[in-house]
Amino acid sequence: MKIKQRIYNIINDNDKKNTIGNIFDGIIITLIIINIITVIAETFRLPESVKNIFNIIEIVSVIIFTAEYILRVWTADLIYKKLNPVKARLKYIFSFMAIIDLLAILPFYIPFIIPVDLRVLRALRIIRLLRIFKVNRYTSALSTIAEVLKRKKSQLISSILVVFLLMIVSSVLMYNIENTAQPDTFKNAFSALWWAVATFTTVGYGDIYPVTVLGKILSAVIAILGIGLVAVPTGIISAGFMEQIEKSDDDDKKEYCPYCGHKL
Amino acid sequence: MKIKQRIYNIINDNDKKNTIGNIFDGIIITLIIINIITVIAETFRLPESVKNIFNIIEIVSVIIFTAEYILRVWTADLIYKKLNPVKARLKYIFSFMAIIDLLAILPFYIPFIIPVDLRVLRALRIIRLLRIFKVNRYTSALSTIAEVLKRKKSQLISSILVVFLLMIVSSVLMYNIENTAQPDTFKNAFSALWWAVATFTTVGYGDIYPVTVLGKILSAVIAILGIGLVAVPTGIISAGFMEQIEKSDDDDKKEYCPYCGHKL
Amino acid sequence: MKIKQRIYNIINDNDKKNTIGNIFDGIIITLIIINIITVIAETFRLPESVKNIFNIIEIVSVIIFTAEYILRVWTADLIYKKLNPVKARLKYIFSFMAIIDLLAILPFYIPFIIPVDLRVLRALRIIRLLRIFKVNRYTSALSTIAEVLKRKKSQLISSILVVFLLMIVSSVLMYNIENTAQPDTFKNAFSALWWAVATFTTVGYGDIYPVTVLGKILSAVIAILGIGLVAVPTGIISAGFMEQIEKSDDDDKKEYCPYCGHKL
Amino acid sequence: MKIKQRIYNIINDNDKKNTIGNIFDGIIITLIIINIITVIAETFRLPESVKNIFNIIEIVSVIIFTAEYILRVWTADLIYKKLNPVKARLKYIFSFMAIIDLLAILPFYIPFIIPVDLRVLRALRIIRLLRIFKVNRYTSALSTIAEVLKRKKSQLISSILVVFLLMIVSSVLMYNIENTAQPDTFKNAFSALWWAVATFTTVGYGDIYPVTVLGKILSAVIAILGIGLVAVPTGIISAGFMEQIEKSDDDDKKEYCPYCGHKL
């Protein structure tokens, strides 16, 4: 039990004074960054010798990540102390972070069991990058952001829905306007939808844009509306963060009224 | 009367426990999404067999939407109970959602009465997509957004007017600056206006941009001003959402002072 | 005196019930919009007959605008009642709106006095568009926006200064990085500055962009910083609008404490 | 001691009535702006005569800046009065503004000590531009902005980290999707990362964009997410500025309750 508690303290390090825990965190984060670099580097044409080094890094990483995963599952009963060990571990295994941890190591083991096409495998390997979220696990900032977005979910979804509708309406309109002038560019409503996305989000790659007067007027309206519709989610989120601050202020004020100074 | 009340409850479903109402909503939403997909798909080159399926979908959709529209009008007297049935129905017919509902089915019936060019018809059909707003009818989020935008209407219109004026002034200036260097691109003030929209909204397709030193300086000023002018509506909307939150907080606080806890 | 007061009421119409005042406003606004359209249309190749119509519109507009300007100056002593008539009129003549009004009619009269090149004149004519601000003169919304921007002036200028510095630093850096790879595109630091503006403001026309690895990394850093630096003025302005709302709320609350309901 | 105090007052001029201090500030700011112009102008092809003038400007500037730096270090003991003179000067030398001041003059002196390639030197010279921050040293606005950004640092870094992760994940995905269709454009994950930056920041130069249907769908998702992720830092910063205003309001309110007016 004592060893378990110590391991738990190391891998769930919230204490800045915990030297071994900090070293452990440093190793994991370094490994994740090395893995990100190799994932990107693998897409370049590389000499055989570098590929071999990458294979070694891959194997070492997977061993360490697997060991970490096993230790996390083993010590999971210390997180949910009220549950019995089996339930606690199962609860942990199905938590968001644990699923990501498993997905980061699975692509290595799967080909040993089922022969899968290597190409597909490589695409799966990027999930490993999600482990970078672990860096944030210890910070409360990300959870604050997530909380704000969650509270404003219905408003954000509504505004996105409106944008989505406007995109479809404008793309069908644009297809009808531009199709005769540019039959190759505005081939179908999907091409027009691609234009609508580029215009609404103000990305504007420049591969597709209207050339007719009517098309340009519609595009102008959409681009200006697009800005308005960027402003709405920003406004929602701003208000959400303000609310958050006021809430936490209220919690601080529990004892004294900040306005009159009377004890409550 | 009893049947009418039940139908009203089903089609104006606000109760999550109302199973039949939920199924009805599900069917309508699914139909709308199918219609969106067919509207986009129709712009692709399709084999005759698929076109036939689309025609069947079209007919089925219009029948269901028409039935729904008639039922909504019929039960409209239950919404405005204080008005007499005829007035209540007329009031409903001229409400925003009812007009959209009618516009979604009208393009199907019009050619039976007046022979209209099919091409025009297809463009009209996209109005049907507006029905997706029905999905939001039940959520209060969209109405909150609409309320905020409404309250800030005068400020938003003012800021858009300023942007509009700046666009025109800068486009006439830009036409005079760039016309000699690029007579084909900056043909007239309308071309320059198209540039102004692309620059102000930061879309920047890349089909039109200044090449002279003076033109580039003006473009830089406009692009930077453009960002400032995006910030203003965002600020207005943010403040609007904050105000909204504080207002609803105030409503909650009616009974007790949230600061001292004294009963009011 | 009585006629003067009536004319003053018509041209400074703030009363919605003032029918003649509303008609007068409508005529002026319509004329301004017609003038905007002609300014843009004049840049197109037009037949002689249309040009003649435009000339007539020009003369009629200038006559009406001149009459309006004279009447405004004449009745200016009713605005500043405490000043003597001459001082009141001089004060009005040097007010922002009066200068704009004068600038809108001057380009027509100047060539009668000094023979000026017609080309220059046409460029000056766009000042006439500034008269559209008159539409807003009657709305308090624009003045609220102006007030917020004014109060936050020092913060906004500071953030723009930082952006400006970053643009210059990054453009000199980018010139040194990209000059050897693209000597024609990145000719000098001014070309690079043009790139910096397009990147910071996220316009991205696509006429100039880095091709080297180092250049792309710098461009990525600048683009991400650019977003951050858009967020700062937006945040400043948002906070400014919130402050504005709270201030006007405070004014309303003067009599009763909104928290306890006690009379003050 | 008296001369030292007077020099200190001149170079650390916070008093608007201090005429000599204002002149000194004016000279330094003018010199910085002249230096910015020469740094940019030097990248153009210039005749020998202009180059000579630039050399003279360079030498004069460095002399003045060096004198200013020495005076600042000499009078540094008046800033930190509690420390002994040596410690005070060392503390000043390692302050942010003093390091920038030193970096602005060092590139001139280095080649006299170590023979460095002139090309590298020219790139270093841009650091001199950082001196423009001195203009802001006297305004509190920039420090307010810096304070807000500092307070929200953890939230901003978290949101940037999420964007960074999404960029890497999406670029590896995009590389796999587009590589076969555009092997020259999407050469490797680095090319795809360049695309991800251009899309997330909505710059969209147009040198790289997806052409496959799957690639366009991914790009649309990324562009829309990109807008959402711009909204988050904006919201954080907005809330930060609001908090700042409320804090300074609270400081004003210390003596009287702003709601009831009771003395505290």
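Per-chain residue numbering starts at 1, and chain names A, B, C and D are given in the order in which the chains are listed.
Keep in mind that, in the parts below, contacts are C-beta pairs under 8 Å (C-beta built on N, C-alpha and C of every residue); 3 or more make two chains touch, one makes a residue touch a chain.
Every value quoted in this text rests on a predicted model; they were computed, and no experiment measured them.
Undergrad: What shortest step count links subunit B and subunit C in the network of chain contacts?
TA: Step count on the best path from subunit B to subunit C: 1.
Undergrad: Determine which of the two chain pairs, A-B or A-C, is joined by the larger number of C-beta pairs in contact.
TA: Looking at A-B and A-C side by side, A-B shows more C-beta contacts.
Undergrad: Which listed pair, B-D, B-C or A-C, reproduces C-D with over half its contact pairs identical?
TA: B-C
Undergrad: Averaging only over C-alpha atoms, locate the centres of subunit A and subunit B and give their separation in whole Å.
TA: 29
Undergrad: For subunit A versus subunit C, what separation do you get between their C-alpha means, in angstrom?
TA: Centre separation, subunit A to subunit C: 41 Å.
Undergrad: Can you list the subunit D residues in contact with two or more other chains?
TA: 190, 193, 198, 202-206, 230, 234-236, 238-239, 242, 258-260
Undergrad: Quick one: which bits of subunit B touch subunit C in the complex? Just the residue numbers, please.
TA: Counting only subunit B, the residues touching subunit C are 154-155, 157-159, 161-162, 164-165, 168-169, 171-173, 175-176, 179, 188-190, 192-193, 198-199, 202-206, 209, 213, 216, 219-220, 223-224, 226-228, 230-232, 234-236, 238-239, 242-243, 250, 253, 257-260, 262, 264.
Undergrad: In the complex of these two chains, what residues of subunit D are touching subunit B?
TA: 202, 204-206, 234-235, 238, 242
Undergrad: For subunit C, which residues count as touching subunit B in their complex?
TA: For this pair, the touching residues of subunit C are 36, 39-45, 119, 122-123, 126, 129-130, 132-133, 135-136, 139-142, 144-145, 148-149, 156, 160, 163, 190, 193-194, 197-198, 201-207, 230, 233-234, 236-242, 244-245, 258-261.
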